[in-house]
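Look for chain A in each of the two complexes below; its partner is chain B in the first and chain C in the second.
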Partner chain A sequence: MIRALRTRRVETAPFLLLTPALITMLFVVAVPLVFSLWASLTPYQLTKPATLWRFIGLENYRRALSDSAFWIVFGRTILFLTIALNVELLLGLGIALLINRITWGQRTLRTIMMFPMMFSPILVGFQFKFLFNDNIGIVNNALQSLGLTDQAIPWLVDARLAMFSITLAEVWMSTSVFAILLLAGLFAMPRDPVEAAKVDGCNAWQVFRHITLPFLMPFAYIAMAIRSLDVARAYDIVAVMTDGGPAGRTELLWTVIARVGYENAKMGQANAIAFISTLLSILFTWHFYRKLVAARRYMGGAT
Partner chain B sequence: MTEVVESAASKRLKRVALTMLTFLLMILMCLPGLWVVLSAFRPNREILAKPPIWVPETLTLDNFGKIFGWGTEQVAIPVGSYFANSLIIALTSTVIALLIGMAGGYAFARYRFRGKGSLFLGFMLFRAVPGIALSLPVFMIWSRLGLIDTKAGLIIVYVSLNVPFTLWLIDGFFRQIPLSLSEAAQVDGCTRWQAFWKIEFPLARSGIAAAGVFAFLTSWNEFALASQLTRSTDSKTLPVGLLDFTAQFTIDWAGMCAMAVIIIIPALVLTFIVQKHLIAGLTFGGVKG
Partner chain C sequence: MKVIKRLVLGTALTALAAPVLADETWGDFPGYTLRVKLIGGAQYEPLYAEIPKWEAATGAKVEILSRKNHFELDREIKQDIAAGTLDWCVGSNHTSFAPQYGDIYADLNGLIKPEVIAEFVPLVIQHGTVNGRLVQLPRHSDVSNLFYQKSLYEDPAKQAAFKEKYGYDLAPPETWDQVKDQAIFFAAPPDFYGFQYVGKDEAVTGRFYELLVANGGAMFDDKWNPTFNSPEGVAALQFFVDLYNAKAVPAGVPNYLWDDTGLGFASGTVAMDLDWGGWSAFFNDPANSKVAGNVGLIRAPKGASGKRTGWSGSHSFSITETCDNKDAAASFVTFLTDYDNQMVEARKGLLPTRSQVWTDAIAEFEASGNTFNAEVMKTFQTSMAEDAFTPPLIPEWIEVSNVLWPKLQAAIVGDMTAQAALDAAAAEAATVMHDAGYN
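Then we have the complex of A and B:
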């Protein structure tokens, strides 16, 4: 009897320990998600509470998916994520490799490197809005002082330049996240394989391509997974810098959600789009998690 | 002989050049942020000057005086209460998220149980819900529960945002600690609880600190949820308070830059203190987890 109780206690211990975590996740994420799923199946409007109980099936989804404007925004969001994540990875890799080779003052460099990470995304939005201001912004002032242009460039007003400016802000903010994770990876790397390869006559590029890079890939995928978990932080930047404008040319899924839901009060429609965007985020995260597991397995097989 | 000396000297020169180049690049990278910090200490007329004044002629604390209401010129923005709100909300949610994350992380690191792998991934996937997408249903539920415009409302949300991440990192750290250590303590007469506090907790401390910094920064910097769930000085946080500087067509840039400095300083100090732990924390918690 006592024995049976004891084995049962061992079984329940992890679940007891996990209960607080499960409760918070259920209460703040799972319940709202179910609620959101339900709301996305109704024509719910904040101003008319009764509409929450009218079931209209997949009408909201049909409306979104048959709207070409939605697909443009959808495509733009994916393009934005792809470009930003890859540029951040490349720049972060470059910075990590550079700092890893420095012997004097490396700790100071690491601290300087982390400076952009301290900025809240909303702050980054205002900051770049300030820098790209056509009148007083440092970017235009510098270009004009150097004589590169004679008139102010409308960085945030011109459709194509605005998207470029937003991407630049996002890259500025997040590159150090990649750099620090990859640097942590370089610190953890064993020296022996590199030495051995050098003895065997590999040049610097070959060492990098066949030893350093495969070792770093799990770290890169961790960075990708973490970043894709909160890429929607870019909402803050876009909301402040252009708020989707000019003429909707910098609109991303997240700004559409906010506009439809809070400004137009069409909560049902907004919840449908939010659900689609959530699925997209989960897909991105799942993809990088799979790649991470595969990269780890490859490393396990290689060493 | 001279050739060897020369090549050693040129190697040294190369290294110095590389170091200097890296420093220069990093400072260049920080420039967009540094310009904002510098602008916080310049009078508005210098910021708005046309043609631009590159080298500041006067440095002043007036912008800070203005938003805190020290000087004669005053902007009616209750930065003090925003700051207090931010601090209370970020600290409370960090502590709670760490406690929950420690319990969960310990469970994942030390016990085998059914559904462990999928539960672990499930926690991460919950984190994939974008803040703005979460804010719609949370807004609707919170308004029924009367949690809109309360500190508690934001604290609950931030705890759940941070739990997956603290759990992930702390699990990685507990795995680093050999099981034999706590077993030995238990043989010597400690309970499992005592073994945890005397052996495992001190060893995992740096990882827990790293997780804490991440949790604090997430709560301190969050905007999308806070902007929808707060209304007044009772609960508005600093990031939401930034919007107070924008009128429909104009922005008070000097005040905004000063406010930016106020938001950055706590984050900067905290990261500086724990930056040594941070990189170790990422190495262990991330890859081997």
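Then we have the complex of A and C:
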């Protein structure tokens, strides 16, 4: 009898120890998630709390998904994510390779490289907004002073230039995430395969293509997965630089969600769009996770 | 001579102000803590340095829970409404925001002494009234006025060239048609522009709205159907489109907000700027502005109907219905907007809301030889009394604005015609109003 009780106590101990963490998870993750899912099924308005209790089914989702403007924004968000993440990966890889090669001042450079990450996205937005201001901005003034143009280039108005300017601000702020993770990968890379390849007569490009890059790819996919979830921070940059305009040319899912949820106070509708946006993030994360597993398998690692 | 004048006037003003101070008692609230949420920012903070005087007079303490810009404060208040955490008493408010908060704020008629309310500019009190309830006590107001570079109008060569081209004398514009002529005449892009305007968010909606009103149009009919796609509305939007196409305004205006227009005019590269009074001190300060000493100011121009543009709004203070000590809260907001404190703010360049402060601040500026500030105050005083009007005071205003401004931009950058853009926006606005239960 005593032995049975002792055994049961031992069996329940792990669950008891996990209880605080489970309760915390429940309150921090599950409750808000369930609440926002419920809110997305109601006409909930922040300024009219009673609307939270009126169930309207999938009406908010139907409205969003049947609106052609929504799909344009959805497509633009995917395009923005794809371009920004790939450019950040390429630049981060280049920076990591360069820093890995130098033998003097590496620590200082690593610290300097992290500076953009330390800026809040709102500050980055203001910084680039004034850089690209067509009248008093430094970019246009420099181009005009150098005689490269006699026009005021509408960096934040033209559809392509505006998305380019926003992407540049996002890339400037976040490339260092890739650089740091890839640099960590380079530091962890064993030297033997590289030296063996050189002995076998491989040139620098072949060493990079067949040894360094495959070894770095798991690190790259980890960075991609993290950044695909984190890139919504770009909302602040877009809100400050263009607020989705002009004429919706730089509208992304996040600017729509913020405007509908807070300015229009229609939190039910905003939650429905946010859930669609979350599905997009899950899709990106799933894709990068699969790529990560494949890359590790290619390198002979665990799956 | 100036010093003597200043001393005499100062003494006279002190004598005038003294009875106000002597008569005013702020009440006794010993041990009470008044919880408040206030707008923050450099130009708004000096007033808060006066709060310890109220604390000393009443025995109460003020706990400032928030000091944020208006947009962040607006989000926070909406979250408080949603979460049912309106456990504070006084909040900063704004004419444009006030209607959307429903009935969370108390009617100040009855809480604030009628004789105190009577000391404010009547039109401003009217703008603070929503559905017959005075939900905000105005702290300072603003209304559109036109800044311009004086030297451009005094140049004989420009005067002659303008007369030859347009057939009338070059002078600060009286009408929006003249603004368009002059903006195109002065423009020499990319180095110099004739005019500029804020081009996004509620800012551009407001600019369109005031031209619409000046042209004789209206945002809604008396049944709250959107009517801004009228011929008057199309003419108003076409004004922005024409200036953009003529390159008379900077190419980036669709992304401009107040900072951009203010800094643009201060940079000396813009001839005319329709803007707020709060910028006047900045524009005339050589440390910040290349047009200092060269700034002229007139009332906003007239539209086709003969009415002047006059979009206006006030920063204000409100008291929550849930406040546990409304008397203390009423005493506090009365203190923050009293004669002395409005003089403190007027000296910093903010436009007051008490009639007497307008008069005395102008007299003080004239006595100290600050003719520019005196002129600014006089111009804005006239505008506040005769031209000022607010956006429709309905909870749906911001939401309607959010469907309208992207379409205004679409017309400006050439994606749609003015009529098509306004028709599309009117259809979306009608849905917003329908969803809100109007029709």
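By our rule, the second predicted complex is superposed on the first by the 275 of 303 C-alpha atoms of A that agree within 3 Å, B and C clash if a C-alpha of one lies under 4 Å from a C-alpha of the other, contacts with A are read in each partner's own complex, and residues count from 1 in each chain.
What we mean here is this: a contact is a pair of C-beta atoms (placed from the backbone, for glycine too) under 8 Å apart; a residue touches a chain by one contact, two chains touch by 3 or more.
Just so we're clear, the structure is a prediction, and the values are computed from it rather than from any experiment.
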item	value
Three-chain arrangement built on chain A, chain B and chain C clash or fit	clash
First (chain B), second (chain C), both or neither touched by A:201	neither
Partner chain(s) touched by A:155 [first = chain B, second = chain C, both, neither]	second
Which superposed partner A:48 touches (first chain B, second chain C, both, neither)	second
First, second, both or neither for A:242, with chain B first and chain C second	second
Partner chain in contact with A:135 - chain B first, chain C second, else both or neither	both
Chain B versus chain C as contact partner of A:111, first or second or both or neither	first
Touched partner set for A:286, first chain B, second chain C, both or neither	first
Partner chain in contact with A:257 - chain B first, chain C second, else both or neither	first
Contacts of A:147 with chain B and chain C, given as first, second, both or neither	neither
Chain C versus chain B, contacts on chain A by residue	B
Offending stretch of chain C which, after superposing on A, collides with chain B (from 254-262, 272-280 or 308-316)	254-262
Chain B/chain C common contact set on chain A	129, 135-136, 262, 267
Complex contacts: residues of chain B adjacent to chain A	15, 18-19, 22-23, 25-27, 29-30, 32-33, 35-36, 39, 47-52, 54, 99-101, 103-104, 106-108, 110-111, 113, 119, 121, 123-134, 136-138, 140-141, 156-157, 159-160, 163-164, 167, 217, 220-224, 228, 239, 242, 251, 253, 256-257, 260, 263-264, 267-268, 271-272, 275-276, 278-279, 282-283, 286-287
Contact set on chain A toward chain C in their complex	46-49, 129, 132-137, 140, 144, 150-157, 241-249, 259, 262-267
Residues of chain A touching chain B in the complex	10-11, 13-15, 17-18, 20-21, 24-25, 27-33, 35-36, 39, 95, 98-99, 101-105, 107, 109-123, 126-131, 135-136, 138, 141, 145, 172, 175, 180-181, 183-185, 187-188, 218-219, 222, 225, 228-233, 235-236, 254, 257-258, 261-262, 267, 270-271, 274-275, 277-278, 281-282, 284-286, 289, 296
Partner chain A, residues of chain C touching it in the complex	74-75, 78-79, 81-82, 84, 100-102, 189-190, 193, 199-201, 250-252, 254-255, 260, 263-264, 267, 269-270, 395, 398-399, 402, 405-407, 409-410, 412-413, 415-416
